[in-house]
Amino acid sequence: MSTITDTRSTLTGLTPLPPASGRAGFGGALRSEWTKIRSVKSTVWTLAAAIIISVGISTLGNWGQASHTSLSAADLARRDLVQRSMFGIMLGQLVMVVFGALAITSEYATGMVRTSLTAQPRRLHVYFAKLVIVTVIAFVVGEIISFASFLIGTHFWATKGVDLSLSSHGALQAVIGGGLYLDGAALLAFGVGAALRHTAGTITVGVFLLFVVSIIVNFMPDSWQADIDKYLPANAGGQVWATQHTADVGTAFGAWAGFAVYICYAVIALLAGLLVFKRKDA
Amino acid sequence: MIEVRDLVKRYGATTAVDHLSFTVQPGRITGFLGPNGAGKSTTMRLILGLDRPTSGSALIEGKPYRDLPDPLRHVGALLEARAVHGGRTAFNHLLYLAQTQGVPKRRVQQVLELVGLQPVANKRTKGFSLGMSQRLGIAAALLADPRILILDEPVNGLDPEGIVWIRDLMKALAAEGRTILVSSHLMNEMAVTADHLVVVGRGRLQADMPVAQFIAQFSGSAVLVRSPQLETLRAAVAEKGWQCTPSGQEGAVVVTGTTAPELGELAAARGLVLHELTPQRASLEEAFMELTREVGQFAHRAPGQPEPADAPVPGQYAPPSGQPDAGFTAPGAPGAGAGQPRGGNDGGH
Amino acid sequence: MIEAVGLTKRYGDRLAVDQLSFSVKAGQVTGFLGPNGAGKSTTMRMILGLDAPTSGRVTVGGKPFAQAAYPMREVGALLDAKAVHGGRSAYNHLLCLAQTNNLPTRRVDEVLELVGLAAVAKKRSKGFSLGMGQRLGIAAALLGDPQVLMFDEPVNGLDPEGILWIRNLMKALAAEGRTVFVSSHLMSEMENTADHLVVIGRGRLVADCSVQEFIDNNSELSIRVKTPELTKLNTVLTDKGAIVRADGDEALLVTRLGMTEIGDLAFDNGIRVHELSPIQASLEQAFMELTKDSVEYHAAVPAGKGA
């Protein structure tokens, strides 16, 4: 019996660790980042807020438009009701910016990053583990938002005689695209956050890129607008959750081309973030 | 002078301060000691009128703090260095305090100079290190040239030079006849700073005496003797009924049960050469730990916790008394976690 | 073992760490001293790879820390007790660290128990006192059962029992053959804890020697003698070239003469001795002596590797 209790090393009084083999790598980093995300109330609440706000706004919008429209079912069917049904994404993207930003900037705000990088000094593991977790969570939450918004919306439009469903023309792709668009917003903020290491600054930049830029461009001469407009993140990315791509202003990208442009912004931000995260003193 | 008379403070079921009476005399530094949760911070807050006592009184120059006509001119206090609006500059922080008390503006410059913050007077305190905040807190305490100073852990965050500086400052202020009450967890620091000690545990007074007496009372006496005629000396010591223990050094033993002069006389009488005769002075820390053992755990202890007398096995990591910070490990005993009583105590804030 | 070679860190115009070379050996507690701004924290951050050196290198166990197979098994560090996310519970904080190094979950409970935080394991660390935060940081450092431990100001916020506990912990860890590297501003604490010292000032190495050597090199040993025959002893000692000062009414402070010589002289002259003890300068006095004037940083370098 005594030989068994003696497995505790005399001084530490702790069970000895199993012998080490291999190296601390990406798998551990991934598990760790998942623990980090789920163990902090602020991220959990941010995601819950994203869902509640987006789906709520979508529901209100669909209800309001469907009950007050004077258009006939045929006219309505010519509108992009799929995109309209997911209107809440416009606000949801802001909350996703907050989520993406917090996923990295909260480490700097609290100083946790120094502890994290002491546990795993191979910074690329930490960065990519965070990135994977943020991407997956934002994707899941984004899809919940887009599908819930759309499915709730179909009920309101059904009362107007418009038969809208996932099998409607382009609807499934646009609804999936809505979630992807939200995911892109979170990734953009994550990249900016890694580069700036500052929560408020990151959110400001995110809002600027997704909203303010469009407003500024609106004040430009029309000929400029026609060239620039489609490249703006919100406009380019907006195509992937729309079913009609040759909208009012000039030419627009197709769904996936637009999404590719949108994701380019995120990738640039993520690369900048990566460089700063890897190189700069923590 | 600060007089604490039969002071009691309860937070719900927890008695943070339990019929505490002591007097802090002017002209000397009084160290205020006790483990986390012993009631030190609460007592200081009661003295400063920040909390209202359940019963009893804490008087400053004979009056409760809130009845003093110009409180800051009577008492300067440093309780929490971080309790400063970070957006304000050091100068403006002090100026604002000075204005509330009718202290002239030039005094602000003087105290900034005194604490060595002159170069950063116009910087916002947000960027201050803990040591700088500490100096600013001390500057604020000294602003109105008070007769009484109450300092809670003043060396926190200071570097060695800063530590020596604040120690010398306190000594100088005491020498001017001011009353100084200073709390600290650093026994070695208290040993070289304080003249007098007030020790509390579980909200009650455990000791109120000069430092030297405290050390003498709570530690045994022992003398290290070195002699080329060690064996003869050993025999002589044994004859006297004193005890010899190995000293860990070659050619020297530790004798207990006697004093250095007695041992010196014995050696002289027997014609023995002494190469060293050092009274082993216990440290304040040792004395403090001995007191802790004698009166039982100072802070509230949950049932089932080992008695503090269960000395840890040497080399084992277990905190002395098997329970660190004497409080917050207490499992499942509401109010027993003395590190975090409901009203906020030494343990937190 | 930690080994720094020519370690340099420059922030703009300012040299925070300047050609620093030292090694921290296993099996002893090495104190890391220096005034504020001397470069201690920067050095510790470079050891951990948090900051990249401008030039020079530092290795832990022979290789850069970032190359360690399991970093937490190599080095446990407590640099800043506040470097935690306050919204996370103590348990989850340690869990997410343990997972990065594939450490068993059981270990988290064990270290929480060890540092005395088991009862508050599920509480968010935001509400922790400084002392509790410190214990959480120590728990994190011990998670990987590392061979090298680094602590920056570990006694901060601890009460007397906590201070004694961490001191004994560091000594025990060193006695197990681990490398313990600890910085502190509390000289009296270091004197009780450290075996060896690395002292820096203005980013440069000022001393690298044992505590005893450091004190001996930066202060003069004096002997305190008590006797009922004060005048007689004074004359005897002064004749032998000793420098004698009065220490109160009944004792003398003697320099330039050893304890053995004084004892022999007293015996030869039939002088009864009531005390004969070495008055050791404190580490603080030695440190102040060494750093009182930055110009003397180099003049006063004891037998270490001068910068």
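Here the chain labels run A, B and C in written order, and each chain numbers its own residues starting at 1.
Just so we're on the same page, contacts are C-beta pairs under 8 Å (C-beta built on N, C-alpha and C of every residue); 3 or more make two chains touch, one makes a residue touch a chain.
Chain labels with UniProt names: A = ABC transporter permease; B = ABC transporter ATP-binding protein; C = ATP-binding cassette domain-containing protein.
Owing to the predicted nature of the structure, the values given are computational and were not obtained by experimental measurement.
Participant: Per-chain C-alpha centres versus the global one: which chain is nearest?
Facilitator: Chain C is the most central one.
Participant: Which chain's C-alpha centroid is most distant from that of subunit A?
Facilitator: B
Participant: With chain centres taken as the means of their Cα atoms, state the distance from subunit B to subunit C in Å.
Facilitator: 22
Participant: Go ahead and note the Å separation of the Cα centroids belonging to subunit A and subunit C.
Facilitator: Measuring from centre to centre gives 48 Å for this pair.
Participant: Between subunit A and subunit B, what's the gap in Å when you average each chain's C-alpha atoms?
Facilitator: Taking the mean C-alpha position of each chain, the two centres sit 54 Å apart.
Participant: Among all residues of subunit A, which ones touch two or more of the remaining chains?
Facilitator: Within subunit A, residues 11-13 contact more than one other chain.
Participant: For subunit C, what residues touch not just one other chain but two or more?
Facilitator: In subunit C, the residues touching two or more other chains are 114, 172, 175.
Participant: Could you check subunit B for residues that touch two or more other chains and list them?
Facilitator: Residues 315-317 of subunit B each touch two or more of the other chains.
Participant: How about subunit B: which of its residues touch subunit C in the complex?
Facilitator: My answer: residues 33, 35-36, 129, 131, 155-164, 185-189, 191-192, 224, 226-227, 260-261, 264-265, 267-268, 273-279, 285, 288-289, 292, 312, 315-317, 319-321, 323-326, 328-332, 337, 339-340, 346-349.
Participant: Which part of subunit C faces subunit A closely enough to touch in the complex?
Facilitator: Touch residues, subunit C against subunit A: 45, 48-52, 65-66, 68-73, 75, 77, 79-80, 82-89, 92-93, 95-97, 99-104, 106-107, 110-111, 114, 140, 142, 144-145, 172-173, 175-176.
Participant: Residues of subunit C touching subunit B in their complex?
Facilitator: 33, 35-36, 114-120, 127-129, 131-132, 135, 155-165, 168-169, 171-172, 175, 185-189, 192, 226-227, 259-260, 263-264, 266-267, 270, 272-278, 284, 287-288, 291
Participant: Using the touch definition up top, name the residues of subunit A that touch subunit C in the complex.
Facilitator: Answer in residue numbers: 11-18, 20, 22-24, 27-29, 31-33, 35-36, 39-42, 106-107, 110-122, 126, 279, 281-282.
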